[in-house]
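Accompanying notes for the structure given below.
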Amino acid sequence: MEIDPLIFRLSIFILAIFVGYYVVWSVTPSLHTPLMSVTNAISSVIIVGAIIAGLSGNSDSIFDTSSIFGFLAIALAAINIFGGFLVTQRMLAMYKKKKKDK
Amino acid sequence: MEIDPLIFRLSIFILAIFVGYYVVWSVTPSLHTPLMSVTNAISSVIIVGAIIAGLSGNSDSIFDTSSIFGFLAIALAAINIFGGFLVTQRMLAMYKKKKKDK
Amino acid sequence: MISANLSAIFYLFSGVLFILALRGLSSPETSRQGNLFGILGMIIAVTVTFLSIGNFSNGFVFVLIFILAGGAIGAFIAYKIPMTAMPELVAGFHSLVGLAAVFVAISAFLNPEAFKLGTPGNIKLGSLIEMSIGAAVGAITFSGSVIAFLKLQGIMSGSPITFKGQHPLNAIILSSIILLIYLLCSTQSPNFFWILLAVSFLIGFLIIIPIGGADMPVVISMLNSYSGWAAAGIGFTLENTALIITGALVGSSGAILSYIMCKGMNRSFFNVILGGFGATEETLSGSKNNEQRPVKSGNADDAAFLMKNASSVIIVPGYGMAVAQAQHALREMVDTLKKNDIKVSYAIHPVAGRMPGHMNVLLAEANVPYDEVFELEEINNDFANADVAFVIGANDVTNPVAKTDPQSPIYGMPVLDVEKCKSVLFVKRSLSPGYAGIDNDLFYKENTLMLFADAKKMTEDITKNLD
Amino acid sequence: MISANLSAIFYLFSGVLFILALRGLSSPETSRQGNLFGILGMIIAVTVTFLSIGNFSNGFVFVLIFILAGGAIGAFIAYKIPMTAMPELVAGFHSLVGLAAVFVAISAFLNPEAFKLGTPGNIKLGSLIEMSIGAAVGAITFSGSVIAFLKLQGIMSGSPITFKGQHPLNAIILSSIILLIYLLCSTQSPNFFWILLAVSFLIGFLIIIPIGGADMPVVISMLNSYSGWAAAGIGFTLENTALIITGALVGSSGAILSYIMCKGMNRSFFNVILGGFGATEETLSGSKNNEQRPVKSGNADDAAFLMKNASSVIIVPGYGMAVAQAQHALREMVDTLKKNDIKVSYAIHPVAGRMPGHMNVLLAEANVPYDEVFELEEINNDFANADVAFVIGANDVTNPVAKTDPQSPIYGMPVLDVEKCKSVLFVKRSLSPGYAGIDNDLFYKENTLMLFADAKKMTEDITKNLD
């Protein structure tokens, strides 16, 4: 009579969709471009899968087919993570309020 | 290496708090009174626990101490459920738009 | 009997329906559908519980009987209660949720096998912690709500009951609760469980008595929030997703409403909870200097004359309208004004009345269409262009001192700029102050006319004079 | 090596940090902190993954090398990319996420033991389904984003590529994907897996080529949404909460942005996706009757004169400003105007430019403070009181035909009421239409002065003439 973890994950997924819905609608329109780049960056958390894949080879053959795909995925995800967060930061740094002393 | 279901429940709880935060802020101020009564009603979903408690006695002694508390809890929760939803409905039915033909 | 997986899915579904129920309240159009979602969610949760127990013994009949008995009482109350009594009703209902949570926790403690939590004297540690937190919070919710209910009903005096050493005492009791939970978990002894409950009931009582009757709405919201967290605690014990989700929703809702109220009154939450506001202030500044200054007062005829010659009127209802139950009379007056081609709208301050949305419900009850009713931000600029502000039973929410005097307790609270209208009519029974207990300079202004009378009576008289 | 429970908690925490990252974007003040939350969440997720594998073999070094190599490339791109190239950048990055998802799925398929999903040829059914959906969606995201990138970069022609039987062909391919997933799950044969991937790449390509280059922003958002769902799919396979939460967040974000864009253009999502808009319309109505009617055109001197005598100017930037990279020149012009005590504000239409928030980023880049920049609803009433509307490289977003002509493709789209200003200046190179390919009546109005030139050059000239 244990509950299948899949059902918990489904619950988490559904609630996260609600959170996503509300959190994105609350983003101010002037930051929609940074929103696109930051979602890009966070969706690269798929790198956790890539790391598992990369380290899946045994110690003799680090580079079997499956781990090579893993390493490639790591590199691709890393481009996105660094690129996405940094370009977002660069953009956000530009949004300034009027200086008071003017 | 199985994950404890408690952690899943914790995840669900935390995400539900986010959802609650956003969903309540999106309630229009003119409906804050119905909000209070409807949250009252739904929090009485604790009746599911009361039902388990009420039916916990064995078939010989339906009314042992623990099931009596269960039955009392059922009645209390039921007052709330019916009372809460119906009074909310009564209130909401009063919110009307201006008639077009005026 | 259905599988644990299937019932988990249905509980999730009912949790989602509860989310949709609250979501529906984002506008009056969708709100009725939202309420139906809530009802559906509840039906699903209850049905699934039956099916997953699967034991349709005699007990089942009794469950139905108790549901129907409770339901009948609830339905009866729901249909009889006047709209002006909503604050009391909500407080009363909260006390029931709290008590139900306590009873469920007791039952689970006595008979843990039924809940699959272990055996008596040997309950799983995690479950025991969750259960005792749920029971303690439930007990606090119960006794606190009962006091709130009694104060709002006027059965108990609304003035704060304070005594020396109150705050240290509360602090000691609160820490003893933590100690008791610890002892309970390490010994599993029922005695500690009962003491825990008793102490929790006591602290609920002690926390609320020092708070003035008029602050009860904030208290009610806070207790609403507590009842949510209690439900979530029991939800963890019962491993029930619907309860966990609902608990989180209700918990946030109560917390946010308290926050909105405190913000609308420009007071901190702690200021409210630490109590003693209602009485002291009132005696302090109530009789400052309102005797000396001259006021212009008028009668229904004067008011009717002023309004007849206006082209636009803004109505500002407040707590006094609720007390006098003047909403229907007001609506009739407005109908007459409209027949004379006068533009009328309603301005509602976020904390007008005594609970959030109070005025809106009363106006809705009197069939005022909600698109004639505006929030403070929507309408505040229109006062400058309106001819008459008709302030009926409101006081604090119009007090300009909030804008000008940093010493005032309501300084910084947003207020309705009624003084910008060409003339201001104030319907109230005397010059006595409102909830915040401070004098209102507007009463003595050049363009103000005071209409001293009960709000309902005065409105009816004006309507007669309008014809 | 840490326990599954502990890592689950950390993954949850990193999911929550991602939520807070998006939440930060609700205002510019909190946005930078939000981005830090996002970075922190990512660091936690990666670290926890290392710790939970716990196998610090040689492979670990290679992981670091690949992360640093990818990171260096990413950082390089992030610092070099001009702000005007944001749409391309986002498209390019999406393609990488899609491809990474495909690679992870391939790796999991080849070596399911490493992911605890079973053995090759005997993968758990649930995991196989999740995995193949993740792989298919990832592949579609990849090839679709590549086409979008090529179209935006101008490497591939932006005009829609259509051929007969396109829609039926796509429908057949899409159903074959479902069939392939079914076959894969029932036979576990690698062949079906590879065919599935190939077909998914193909359909991503086929879906995007008929869509015009200018519609790419909607496509990018849609693909963003896809990449989120792909991540969630892989998250289910890997039983990873962080991935599931993130997938849901990104999925909703992309869907909502596409919705906002479609709504801002007053077109249905299907109208965009079924393609063929860009070209046909343009040729259809582009040369309707703009030759015959007289226009008043002026030079930088005239414009400077008009603005010098104005007391308030509203700037309306559009796509042309981005093309000409005129934002810095514009900012200098505004500085000069301000020195002459002229009130200046910026009005941004929700779909000005070519991606959501496009204009805001460019203005921010040029150091325009964001509290001088207003959304359509905030500023649209102010045009009536302003002296000059300075429309720079915008066209469709000012077109009054959206308010008047139900036949027009943009009918119903909200537009900026620039024509209510005393005078309107249009900076553009010709009378040719904008994105929607329809003529703009404002060009021929009495109070309009056309300034035919490149936006940057014209702005610089005006600044010179203002001194």
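Order of writing sets the labels: A, B, C and D. Residues in every chain begin at 1.
Throughout what follows, a contact is a pair of C-beta atoms (placed from the backbone, for glycine too) under 8 Å apart; a residue touches a chain by one contact, two chains touch by 3 or more.
Note that the structure is a prediction, hence the values are computed from the model and not measured.
With centres computed as the average of Cα coordinates, no chain lies farther from chain B than D. Chain A and chain D, compared by their mean Cα positions, are separated by 17 Å. Chain B and chain D have Cα centroids separated by 41 Å. In terms of their C-alpha centroids, the spacing between chain A and chain B amounts to 35 Å. Contacts with at least two other chains are made by residues 2-3, 5, 8-9, 11-12, 15-16, 18-19, 23, 26 of chain A. Across the assembly, chain D contributes 15, 19, 239, 241, 245 as residues in contact with two or more other chains.
Those chain pairs judged to touch are A-B, A-C, A-D, B-C, B-D.
Residues 3-5, 8-9, 12, 15-16, 19, 116, 239, 241, 245 of chain D are the ones touching chain B in the complex. Of all residues in chain A, only 1-4, 7-8, 10-11, 14-15, 18 touch chain C in the complex they form.
Within the complex formed with chain C, the chain B residues making contact are 5-6, 9, 12-13, 16-17, 19-21, 23-57, 59, 62, 64-67, 69-99.
On the chain A side of its complex with chain B, the touching residues are 2-3, 5, 8-9, 11-12, 15-16, 18-19, 22-23, 26. Across the complex, chain A is touched by residues 14-15, 18-19, 21-23, 25-29, 31-32, 34-35, 38-39, 41-42, 45-46, 48-50, 53, 55, 57-60, 62-63, 66-75, 77-79, 81, 83, 86, 89-90, 93-94, 96-97, 99-101, 103-104, 106-108, 110-111, 113-115, 126, 220-221, 224, 227-228, 231-232, 234-254, 256-257, 260, 348, 350, 355-358, 360-361, 364-365, 367, 369-373, 375 of chain D.
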